[in-house]
Structures are given as C-alpha cells and as structure tokens.
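Each of the next two complexes has chain A plus one more chain, namely chain B in the first and chain C in the second.
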Partner chain A sequence: MLDVTGLRKIYRGGDREVEAVRDLTFSLADGELACLVGPSGCGKTTLLKCISGLMRPTSGTVRVDGREVTGPPPGMAVVFQEYGRSLFPWLTVQDNVELPLKEKRLPKARRKKLVTESLEAVGLGHAASAHPWELSGGMQQRVAIARAIAYEPSVLLMDEPFAAVDAQTRADLEDLVRGLWKRFSMTVLFVTHDIDEAVYLGGRVLVLSSSPTVVQDDVEIDLGDERDQLSTRSEPRFAELRARVYAEIQNAKQGAAAGGAGR
Partner chain B sequence: MTAATTGRTAAPAGRLLRLPKALLRVLLLPAVLIAVWWWASATSGSYYMPTPDVIVQTFGEVWTAERFTVDVLPSVGLLLTGYALAAVIGVGLGLPLGMSPKLRALVEPVLEFLRAIPPPVLVPLLMLLIGLDSSMRAAVIVSGCVWPVLLNTIEGVRAVDPVLADTCRVYRIRGRRRLTTLVLRSASPQIMAGLRQALSLAIILMVISEMFASSSGLGFAIVQFQRSFAIPEMWSGIILLGLLGVLLSVLFALVERKALGWYRGVRAASRGE
Partner chain C sequence: MTAPSAPAGAASAAPAAPPPPAKKSPPRPRRRLPGGDALLGTGGVLAFLLIWEIVPRTPLVSADYLPPASEVLATLAERTATAKFWTAVGDTLAAWGLGLAIAVGAAVLLGFAIGTVPVLRAYTASTVEFLRPIPSVALIPLAILIYGTDIASTLMLVIYAAFWQVYVQVLYGVADIDPVADQTARAYGLGRWARIRHLIWPTALPYLITGVRLGAAVALILTITAQLTIGSPGLGQEIAVAQSSGAPDVVYALIVATGILGVAVNTGVRALERRVLRWHPSVRGEAAV
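Let's turn to the complex of A and B:
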C-alpha cells in the first residue's frame, strides 16, 4: 500500500549540506496501523513531508498503491500537529470538513452525509456550526481528524497529532484513532515521539535512528486488536515492548553522540 | 466601553445608567471643544472665526437639497468610484505580487519609487493628460489610494500560514477555490487595514482634486466660498466634510465587523478569553 524505498533527503543551504534522512526503506500493508518513533530531531517531519508529496526527496521513491508520489497523491489525508493552524478559522467546523469534498466534486447530498457521519464519528455532531477557535485544542484536532476521514483516504498520515493536547484528551484521542482505523479500514502511519503512545496504538512500531535517519528497528506489537487504556497499558507484554523500543531509541541517541564525538 | 461594562453586568440600576453614561462619554469631548471654540470666537470677534451658532444656521441655508445634488452627491460618487477602482486594482495586483517572489523582486523598486510620489503633484499632469473632467479627478484618487491597498495585500498574501497552505496542497485545493478560501481570506485583515488607510486618503484627494480643477463639488464649493469671503459658508463646508468622513468610517467599520468576525474571534481566543 505504502512503499518507501531508499528515501534520502539532503537540505542545501548556501554551501552547507545537511543530510536529514540517509536511507529509509519500509512498507506498510493495506489496512495496517504503524507508528513511527524516533529521538527528537530525527527527521520525522521531513520523512512525512516526503511521503505526503509536500517535499521532493533527494533520492529514493515513495509509492502509494503502486504509484510514485510526485505531489500530494489523491486518496491521502494528513493530520498535522498544529491543529490550530491547519483549520480555516473563517470557516465553520462543517465547512472545514466539507471543503476537500467540494474539490473532489462529490454531489451535495453525498458531501452532507460524509460531513455528518465523520463529525458524529469524532463526537462533534453538536459543534458543526461552530468556528474552530470556539473549540478547545482537543476538539480542534478532532475536527482535523473528521476532515481527514470524510475525505475517505486509503492512507492517513498523522504527524505528532497529539503532541500539543493534555494527557487526558490525548488518551481519548488515541482510542478514537484506533476506533476509526478499525471502522474505516485505512492504512494509518502515525508519527510520534511518545514511546507509550506508539506501542499502545500501533500494530507495528518503526524505530528511527538519529539524523541522518535510517530505520533502526521494526517491532511487531502483539497486543491483540482490542486495546484499553487501563488493561493494555498494565500488561507485562506492553512493558516489554515499551522497554525494547525505549532501549532502541537510547541506542540511537548514543550512536549519534558517539558518532558526533568521534566525528 | 468594554472595560466599564465587564465589571458590573448584573445590577439593573447599572444597566439603566449605562446608556446615558455611554452617550456622555461619546459627547463630552465634542461638547467641550465646541464650548472652547464658541468662547474663543466670541471673545476674539474675528471676521474669519464665526461662532458655532452662526455656522449651524448657515449650514442649514447653504446645504439645501439642490446643493446636495449639484455639489455633494457628485463628490461622493467621485470618491466612491476612485476608491472602488483603487481597491480592485490594489487587491488585483497585490495577489500575484504576494504569491510570486520573482515577480516581487522585479517590480518592487519601481513600486517604491511610484509610491514615494505625492499624489497631489499628479493633478497638474493628469489635467494635461486626461483633461478637466471627472475621470481625471478619479485618477488622482486612484493614484493615491492604490498604494496602501496594494502594499497591504502583498504583505497579507505573503503571510499565509504555511501549515494552512500545506493543508490545501494535501487536499488538492487549487486554483480559484484556493484563491478565495485560502489566500484572500487569510490576507483579509491586512487588506482591510489597507482599505481603511485608503479611505481617509480618498477623502483628502477628492477635495484636493476639486480645489485644483473643477467647477463643482465639495472642494470647489469651499474654495469658492473662501474666495468670495463667505466665511460662515466656508466653515459649514468644512464641517460637512468632517461629517462625511465620520459617516464613511462608520460604514467601513460595519463592513469590517462583518468580514473580519472570525479574526476578532481568533484573537480573543489566543488571548485566552
């Protein structure tokens, strides 16, 4: 469904070159929910921009559904970290959700149905005619998620979507994402810096190294399909997986530090 | 007004008192100024400084319905035509210039030069080029008003939020829909700021163009009164111009309120209200 092959990104500024991503290769199967974690500054955002077609990689390819990505592909939705800046403040909640559907040229009745359904699905049926700035941060991010679902994407990218919301809201939103993923059968790539979140959410966790980035580890999360904030997080297996991912990230950081010291 | 109302909202006595209080606050300074003027003009006894009552009386005599149709309405029409043209040209040129850095680099030095020319000096030139008719006067207004609109539009368009722009790209929102839903709307606070500056410029330029080169209109009438030593009449014209300015800015505030409701909301929310 989503194939990333030999992805490399070098930023050129004047005569300086910064290699942000060195060599990334991974693929997601259709309907998979995978999380990407890595130490801060490891090029997660660069990677996501390349996958979503917002940025051209220096070399390597990204394929969605077998087609190479050269610009934002149809059938892909992105939920950004900065929810406050990704919604149109001059549009109401429902107009925000409907806007991409207009560009898709869906008939009016169909648009209406999708908007209502997706707002219901994120628990915001009552807030359809509000403006985004009248809502709390968590609710704004729900609107962004509703907009993504209404778009009926085959691939959903989420770029640290819950980094800026409080812990309780975050737990609710995590369960929401898992619920929506099951209900709408999309392929989801979820980028986060939070190890617990990655293990709790994903069927698979890809651990990235420090910049210049490679895939350091690919961890299968065998926690079953039904997950619960309380019981799942207290399972011994959860703790094991969490420890493994944590150790990998520590390794990645130390590798980078050693590399930096030894030059 | 807001500071005083937030503190005591519950007391009914406070609510009853609020309207007269608000009125008082609005009218206090004008009343004081008129009183000072009255006193000054009465004690100086200058021929050129008539007392307010004389001016008010003259106002009623001078600005009759006939004079309104001959002098005032054409002036207002001229003002609005020039202003509207400047708005369309300013926003129309500002959009491509704001969106394209290359175009901007090409045009910017010329813009800076043109902007630095005071529009009134164009009056003699435009008189020669276009003639003495009203299109010349509209051209003077346009030549002055277009700059604040243009420059503010460019800045507003440049400042489109990159996350919002990425959102549009991801959802493949392009062309006209992108222009109207993303670019124009996010630049609208700055475009409105430019339009507000342009409005006061438009009034000034309307009067100047009519003083220089016209046989009717408000500016012409005021100069005519002054030349024929009809001093209270001249003063009444100045007062009428002031009132026109106030009326236009009230109308502008109403439009702005409607167009930028979301902007006030966003700002209130970010202040943590």
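Let's turn to the complex of A and C:
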C-alpha cells in the first residue's frame, strides 16, 4: 500500500549541504497501523513531507498503491500537529471538512453525507456550524481528523497529532484513532515522539535513527487488536515492548553521537 | 480624521475581569459601563463646541476669523437645505468613491498577481519603495497639465494616493499565508486557484480591509485637496468660493461638513470590517461579548 524505497533527502543552502534523510526503506501493508518514532530532529518531518508529496526527495521513491508520488496523492489525507493553523478560521467546522471534498468535485448530497458521518464519527455532530476557534484544542484536532476521514483516504498520515493536547484528551484521541482505523479500514502512518503512544497505538513501530536517518528497528507489537488505556498499558508485554523501543532510541542517539565524534 | 472617529470600540467591548486588589497597587481599572465610551465621546464633542462658542466672544480671537459654533452650525443647517450643497456633497462622494474603487481594484489585482510570485515581488520592490512616498499633491501640476480641471485630474490624485495604501497592505496579506495552512491545502489537493480563493484571499482580507480604511481616509483628503486647488466641482471648490467671497462662517460650515463626511466614511468601513471579518481574532473578541 505504502512503499518507501531508498528515500534520501539532502537540503542544499548555498554551498552547504545537509543530509537529513540518508536511506529509508519500509513498506506498510494495506490496512496496517504503523507508528514511527525517533529521536527529536531525526527527519520525521522531512519524511512525511516526501510521503505526502509536498516535497521531492533527492533520490528514492515513495509509492502509494503502486503509483509513484510526485505531488499530493489523491488517496492520502494528512492530520497535522498544529490543528489551530491547519483548520481555516474563516470557515465553520463543516465547511472545513467539506472544502477538500468540493475540490474532489463530489456531488453535493454525497459531500453532505460524508461531512455528517465523519463529524459524528469523531463525536462532533453537534458542533458542525461552530467555528474552529470556538472549540477546545482536543475538539479542534477532532475536526481535523473528521476532515481527514471524510476525504476517504486509503492512507492516513498523522504528524504528531496529539503533541499539543493535554494527557486526558490525548488518551481519548488515541482510542478514537484506533476506533476509526478499524471502522474505515485505512492504512495509517502515525508519527510521534512518544514511545508509550507508539506502542499503545501501533500494530508495528518503526524506530528511526538520528539524522541522517535510516530505519533503526522495526518492532512488531503483539498486543492484540482490542486495546484499553488501563489494561493494555499495564500488561507486562507492553512494558517489554516499551523498553525495547526506548533502548533502540537511546542506541540511535548514542550512535549519532559516536558517529559524529568519529567524523 | 477628527477625534470622534478614534477606534474606541475595540478596547471597551471586551470587559476584562478586574484583577484582585493588591496592596499599594495603582488604582485598579474601573469596570466601564456599556456604552460608556460613546457617552464620553459625546461629552468631548460638546465640550469642544462649548469652547468654540466662548472663545470668539473673548478678545482672544476675532469672530471675523472664527465665528462661534452656533453661528457655523446654523450656516451649515441653512446650507443643507440647498440643492447646491448636496450636489457638492454628491460630487465629492462620487470622486472619492470612484477613485477609491479603482485604486482598490487595481491594488487587489496587482497585489495578488505580484505578491504570489516571489520573483516579481522582489523585482518590483525597489520601484514601489520609490513611488510610494511621493506625495500625491506633488502631482497636482501634472494632473492639471494632462486633464485640466476635469474630474479626471481629481481621480488621478485620489487613485495614486489610495492605491499605495491598499497595495502595500495586500502585499503583506498575501505574504502572511500560514505554512501549515498552505501545506494542508496542498495535501488535500487544492490547486492554485482554489488556494487563492480559499486560503490566500481570506488570509489577505484583514489586511485588505485595513488598506481600504487607510485608503478611504487618504482618498477623501485628496478629493477635497484637488477640488480646493484645481477647482473641480465638490465641497473643496465650495470652500474656495466661500473663502474668496469673504464668508468665514460658510468656510467653517463646509469644513465641518467634510469632517462629518470623514467620520461617516470611517464608521462605514469599520462596520464593513466587523461584518466581513467576524472570524478574525480582532473582531471575534468583540462579538463574543
């Protein structure tokens, strides 16, 4: 479904070159929910921009459904961390959700149905005619998620979507994402810097190294399909997986430090 | 603009909760009554009129040069009963409105065309910085040379003055696109025109309205100036005629009329602003009360 092959990105500024991503290769199967974690500054944003077609890689390819990404792919929706800036304040909640559908030239009745369904799916059926700035942060991010699922994507990218909401809201939104993922059978790539979140959410966790980035580890999360904030997080297996991902990230940091000193 | 047009609404409408009383702190801000600013403003105007009424009756200023307020207002009332006055007002508003409309239209078109293309923007920046500070009144001889005393010469001055006010604002507005909003629009497949319509236009709108407000004031100044100096028909010309026929009360009455026009124009643009920018932080604070 989503294939990233030999992705490399070098930023050129004047005569300076910065290699942000060295060589990334991974694949997501259809309907998979994978989390991507890595030390801060590891090139997650660069990777996401390349996958979403907002930026061209220096070399390597991204394929969605077998087709190479050269611009924003039609079957992909993105949820950004900065919901406040990603939603348009001059549009109401339902107009925000509907705008991408208009650009897709869907008939009006179909658009209306998708907007209503997706807003109800995130629990905001009542707030359709409000403006985003009248809602709390968590609700605003729900609107952004509704916009993404109304788009009927085959791949959903989420870029640290809950980094700016409080812990309780965050737990609710994590469960919401798992619920929506099952209900709408999308492929989800969820980027986060939170190890607990990655292990709790994902069927798989990809650990990235420090920049220049490669895939450091690929961890299968065998916690079952039914997860619960209380019981899942207190399972011994959860702790083990968490410890493994944590250790890998520490390795990644040290590897970078050692590599940096060696050069 | 005159004092009553000062932006009073923004501060008054959001009543901040009074902070807890602190020891030896300066007196805490009083909670204002709703409409308190309007009352104060009216009081200020009345006080001003009172002073204006008294001063000409003292030896400070001769009433020949400054007729008392009551006399001036009576003259103004008299004038407003004549068709000539309203023709002059109509001419002034027509030149003002037409000039402003052309300036805004041109500024929006050019602002969007040039502002959204960084190369063009950089290419024209120095020229704009040279042309913008040229005072419009410096073009009066040129305007007379080209158009004579026709309304076109007034329009030329008004458009030149108002255009830069709006154009510069539009440039700022177009450059103020939030990168996350832009990435969102691109990621959801919005093309160039869709982005201009749904993202760049709403982002630039608050700037545009500010530009229109500044431009409207400047356009009125230039309209009156052109009518005064060039002699094209309107309130400005009437003032010049009143002056040469030695009627100071009429001069003052007409000046007051232009002042009222200025306040009306500013109030109008502010009302438009509140309507169009309901979603904007500067307006929605007021709306939330």
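Please note the rule applied: the second predicted complex is superposed on the first by the 263 of 263 C-alpha atoms of A that agree within 3 Å, B and C clash if a C-alpha of one lies under 4 Å from a C-alpha of the other, contacts with A are read in each partner's own complex, and residues count from 1 in each chain.
The working rule: a residue touches a chain if its C-beta (ideal position, glycine included) is under 8 Å from a C-beta of that chain, and two chains touch if they have at least 3 such contacts.
From a predicted model like this one, the values you see are computed outputs, not experimental measurements.
Asks: Putting chain B and chain C on the same copy of chain A, do they fit or clash?
Replies: Here chain B and chain C cannot both sit on chain A without a clash.
Asks: Touch check for A:P74: first (chain B), second (chain C), both, or neither?
Replies: After superposition on chain A, A:P74 lies in contact with both partners, chain B and chain C.
Asks: Per the contact definition in the header, classify A:W133: touching chain B only (first), chain C only (second), both, or neither.
Replies: Once the two structures are laid over each other on A, A:W133 reaches both partners.
Asks: With the two complexes superposed on chain A, say which partner A:W90 touches: chain B (first), chain C (second), both, or neither.
Replies: A:W90 sits against chain B and chain C alike.
Asks: In the overlaid three-chain picture, which partner chain does A:L54 touch, first (chain B) or second (chain C), both, or neither?
Replies: both
Asks: Could you pull out which residues of chain A sit against chain B in one structure and against chain C in the other?
Replies: Residues common to the chain A contacts of chain C and of chain B are 52-54, 72, 74, 76-78, 80, 82, 85-86, 88-91, 99-100, 103, 131, 133, 147, 151, listed in rising order.
Asks: Report the residues of chain C in contact with chain A in the complex, numbered from low to high.
Replies: 178, 180-181, 183-184, 186-191, 194, 198-199, 202, 205, 279-281, 284
Asks: In the complex formed with chain A, which residues of chain B make contact?
Replies: It is residues 161, 163-164, 166-167, 169-174, 177, 181-182, 185-186, 188, 262-263, 265-266, 268-270 of chain B that touch chain A.
Asks: Which residues of chain A touch chain B in their complex?
Replies: Residues 52-54, 71-72, 74, 76-78, 80, 82, 85-86, 88-91, 99-100, 102-103, 131, 133-134, 147, 151.
Asks: If we count contacts the way the header does, which residues on chain A are in touch with chain C in the complex?
Replies: Checking each residue of chain A against chain C gives 49, 52-54, 72, 74, 76-78, 80, 82, 85-86, 88-91, 99-100, 103-104, 131, 133, 147, 151.
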